[in-house]
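Before anything else, here's the structure in question.
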Amino acid sequence: MQRRALMKAAMIAMSMTALQTTTALAENPVLKIGFVGVTSGPAASWGISNQRSMETRAAWINETGGYKIGDTTYDIEIVSFDDQKDPKRAIAGMEKMAQEGIHYVVGPNVDDGAAAVRPVAEANGIMYFPYAFPKSLYTKPASNAILGMVANYQSGPAIYKYLMKEKGVKTVAFIAANESDPLSQRDSGVAAAKALGLDVVSDNVTYQVDTTDFTPVLTPIMRERPDLLVLSGVSPANAPQLIRSARELGFQGVISTETAQDAGVLTEGAGDLANGFISVGGASTPELASPMMIEFVDRYTKMFGEYNDESNTKVYALEYILETLKADPAAITDVTAFQTTMDRFEAPNPYMKGDAKLRYVGMSSFGQRRQVAVPLVVNVFQDGAFETLFVAEVD
Amino acid sequence: MENITKRQLFNVGLFLFSIFIAVPLIISATGRWDFYFTLTSVALLAIASAGVWLTFYIGRINIGQGAFALIGAYVSAILVVKGGISFWISLPAAGIFAAIVAIFIGMLVLRLRGVYFAMITLVLTQVVTLTALALPITNGAKGISSIPLPSGVSLFGIPILPDFATMANTKLAFYYTACILMVLTYAALYRLVNSRLGHLCRSMQQNEELASSIGVNIAHIRIVIFAISSFFGGIGGAMFGSIAQSVYPSSFQVADSVNFMLNCFLGGLGYVFGPMLGTLVLYFGWDLLFELGKYQMLVYSIILIAVIRFLPNGLLSLQFGKGARK
Amino acid sequence: MEQILANGVYLGSQYAMIALGLTLIFALMNVLNFAHGQMYVIGGFVTYTFYGQLGVPFVLALLMSCISLAILGALIEKFLFAPVIKGSKREESTMLLAAGIAFLLDALILLIFGEKQRGVPKIIDGVFNWDFRVIMPYDRILICVLAILSIICFICFMQYSKTGRALRALAQDRTAAQLMGVNVDRYSMIGFALGAMLAGLVGGLLVTITGINLGMGGPTSIKAFMMVMIGGAGVISGAIAGGIILGFMEAIGLAVLSQYGDITYLLIFVSLMIFLAIRPQGLMGKPWG
Amino acid sequence: MSPLLQVKNVTKRYGGLTANNNISFDVAENEILSVIGPNGAGKSTLFKMISSFVPTTSGEVLYRGERISNNKPHIVARKGIVRTFQETTIFKSMTVRESVIVAQHLRAKASLAGYFWGSRAAKADVAAFGQYADELLEFLGMSEISSELASNLPQGNLRALGIAIGLATDPKVLLLDEPFAGMNHDETMRMVDLVRSVRDERGVTVLLVEHDMPAVMTISDRILVLNFGEKIAEGTPSEIQNNDKVIEAYLGSSDDEIGM
């Protein structure tokens, strides 16, 4: 009887698998774009916002008749793999993408995953767009990774410079989670701040990712009374709590981070205390958002019930892939064609008002064009929403 | 215990045939090349899980194998990248280093039992991760990346092992390497369990007091077993580092330690080959459920719960029936 | 110094509550409940949904957390743990089940409550500031007091109620309790439900301060294990002591060791390991085979 | 001739509690010596100190003039002093024969590595172990149950298994912890014969802790009586039976039959 029950469970699982694979039949040929990232567990929100923006965009394209590359109109299918933030799984995910014949993958979301998939991606001719900052991923001899956002060592200096000029910030303190990504970001942030002549009063306070109370963590920093507190690589879950604790401890200065945040999360977690919090965002603030961006947010909200502001920075990777393919249809199966196209590619940025361009940058940081040019939009949180503080360009 | 029956011999032959010949054939026939990596992972994780199983065999719940896998991965990476040593030398070195660390830690913690031991090994995983983050030699948070592929080995001018970097298909090479290591590990494990050391382990697992009353130096055997267990962990970790060509403090973490333990439970603590099957089902199962998208985790966990609910003594208890075998 | 003390009391009280539920379940059934942290998270989300989203009064929302977790715990015990414990040759096998349940709850949390960090409006505004020597927001003080009250209630319940006494008898010696006429199956279920309820209660309380997200489950479990180990597994006083000690260790450790920067936590963990190696059964526990 | 085992001024305290106070006695080779006493007299603790399962607070135990107390149990076992257990301390999921084979650990000639590689010495050992196990089980009259799982054995057989495990180590001195507890008269008499034959045919010196007075009187060459951690008498069974102190001690606590 037990065996039968087990069999039954297995059967159900298998039939569910079968059901899932019968995706919508479309007349257009399908172009598959991959996503390898974390969509379960503690860091799920990073990957999920990523995956959902891709799915939203794909559904939108398919609904409006597909995407024309060369002479063919394609339906876009997003193939997602949950790597559970484990580099070993990320490799498996990249292998799976190769298996599916996919050449363009968004992700992984973290440093170790991005480094681990490199051999697979390069061996199988896959261009991938990690949200990880180590320069070794993008500088030669690495060839297939394209940084999908603005790195903190690019946005950090811009923010510090602005704050030095506008707010007279002179001293700065850094705090980071005791994990690879935030620590690396802190180190490069510290270097940038020092280069700008800021006085770094504290740079070695760290917290465990599972911290629930940040008061003891922040207390030693507060004694230094810095003008600026930088939350290096802070996860959206921790940011409101850090802000709240710092403010409750009587911190008066500016708090900033170089990662993307969600306004809703900040409102719920810190409320008014988060006013004045500076973070890097995409182009969804009313001052910048194009009609297309607004529609994107709309569709996303309809599809998943709630928008996530982290997606503002994550809307771009898929657009870049498609636009570049459009510019050179041969690149659909040939990544070397893609790589050569990257050097001269340019298209209008549909998500932003004005004449911003989509193009590949990174010459000054990586010595080759291995970064998407997204506008460096620095936002400030005010009463439940983000306002644009300033916009800068990355080269 | 000395006489291997014909049936066993046949089973072993069948097993070797399937992993070395049938699997590659099936993969090339179906074109599912991505399974190579998954199966390679299974083989390597099964090696580490074998170590955990061995500590279970002396009655200790070990949630610290991730620590030793990470140590192994770092030792190998550091030797290869900073020392310029061949990977094939760094591999056993990684295992031995992990074993030495295990001896020191074991002397301190092995008298703990039950959940206390489980807990302290869990903390150990965190300690090693944090140490890797803090030490300069491990490159801290930045990890070690761009590790070269295993180089060729030749003895007296005769090539024994090919240079992986020049290979067109490293997947297959890694698959074979991992499988060979796994077969060696389990052969050793089987021998060990069925030799006197294994019998002594069993006696300790069942009653440490009685074991010491018949003259078994339990403290000594515990350390030996823990060292062997960690050796396996180190080997598995080092090999993984070489495939990923990078090692980060997060390459093996608490979740991995827990998974190693779960592999053993799932396969069945009473069976030498339990951890291998457990690893295959747990790791491969996740991959197979990939199509389910956001329900992947849900279905995966439900199946896991169903298995343990109906087969509480592990998957292999199905084959042997209740109470059969040791 | 006063600040460290205050932080320690606050952290210790909430930790102790988390550890209590875990240790109760452990004492009763020798199950190391890996899913404890997930239960805590569910408790937080339930309170969030009722208080934060639907506008139900906080106390009622808290009650909903308790009830839903108690029911969940009872079901899990009855249909999963009890049969597995009966059928399994080695009682550690329940660890696999517990881990499976942790995965399942994680998946359910993600599907039902989403991936985002959630928080609720502050229940009381304002910060208590004693001349910058002790700074403590009022809501924290309230939660701390509530946590301490709950712990006292729980202890009284275990000491004086009939159920509590039966549970303690069960924890001490299963067979003896059975001989004394305690309905072992029933009380195991009640005990598990109670343990889960405690997790839900803390989740509900803390959502007002730290918010909640699905990632908090696993780490919370691990932290709870540590507290239980420090105090001694399966002993209620031990769990409370362990919680308070870990709370103070973090508060003091972070203050004293902050100059060592990145290795603060390394030092905390290493000292924990050394402590356990020297005192294997924790502060108050009995060695467990 | 010096005695085989000498217990010299041994004291054990647990916190403020004195379990054994300044106890001394000798055991001669090939003797059966019983330690008796009412519940809580400290008999078990004495046994644990002799077998080094617990350290002494003061005093020492000598074996052939060599100190064996405050040592590791396995080292004491190696010297030939082996204890059995009061409770049902057995290898639950091994068969009787397997248990006896494992217990021959000390007789092994090959190294552990030798067993792993299957060296000649190891193979010889394995054969010898099996042979000796069969022999021993035959001797103990346990041949029919040799392939039973230990956890399935009835209580009487469990004690015999305990003795078999102890004997398998080739001991010089066997410490039996309440070998007759919970047995009926017939079983007890069979066990008495068995213990005797162990001494007579295998030259093993036997030290036992027991409650069962008639059995002790039949089996022992000499008896040692403890009360409240103190030695109150020592002598032949007939001497003990007529000792006033002993009678008083037992009358004072006549109601307890089972216990430490």
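The chains carry the letters A, B, C and D, assigned in the order they are written, with residues numbered from 1 in each.
Here is the rule we go by: a residue touches a chain if its C-beta (ideal position, glycine included) is under 8 Å from a C-beta of that chain, and two chains touch if they have at least 3 such contacts.
These numbers were taken from a predicted model, which means no experiment stands behind them.
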Innermost chain, taking as reference the mean of every protein Cα atom displayed: B
Farthest-lying chain, centroid of Cα atoms versus that of chain B: D
Distance from chain D to chain C - Cα centre to Cα centre, in angstrom: 47
Interchain centroid distance [CA atoms averaged], chain A/chain C, Å: 34
Averaged-CA centre spacing for the pair chain D and chain A, given as whole angstrom: 71
Chain C, residues touching no fewer than two other chains: 106-107, 110, 218, 222, 262, 265
Residues of chain D touching at least two other chains: none
Overlap residues in chain A, where contacts from two or more other chains coincide: 39-40, 178, 183
Which pairs of chains touch, using the document's own definition: A-B, A-C, B-C, B-D
Of chain B, residues touching chain C in the complex: 56, 61, 108-109, 111-116, 118-120, 122-124, 126-127, 130-131, 133-134, 254-255, 258, 261-262, 265-266, 269-270, 294-295, 297-298, 300-302, 304-305, 308-309, 312-314
Chain B residues within the chain D interface of the complex: 1-2, 188, 191-192, 195-197, 199-200, 202-203, 206-207, 209-210, 212-219, 224, 326
For the chain C and chain B complex, residues of the former touching the latter: 26, 32, 34, 80, 83-84, 87-90, 92-93, 95-97, 99-101, 103-104, 106-108, 110-111, 218, 222, 225-226, 228-229, 233, 262-263, 265-266, 269-270, 272-274, 276-277, 280-282, 287-289
In the complex, chain D residues that touch chain B: 51, 53, 72-74, 77-78, 82-85, 89-94, 98, 101-103, 105-106, 108, 110, 112, 115-116, 118, 122-123, 125-126, 165-166, 168-169
Complex contact set, residues of chain A against chain B: 2-3, 5-6, 9-10, 13, 16-17, 20-21, 39-40, 80-82, 84-89, 91-92, 95-96, 98-99, 110-112, 115-116, 118-120, 123, 134, 136, 178-184, 187
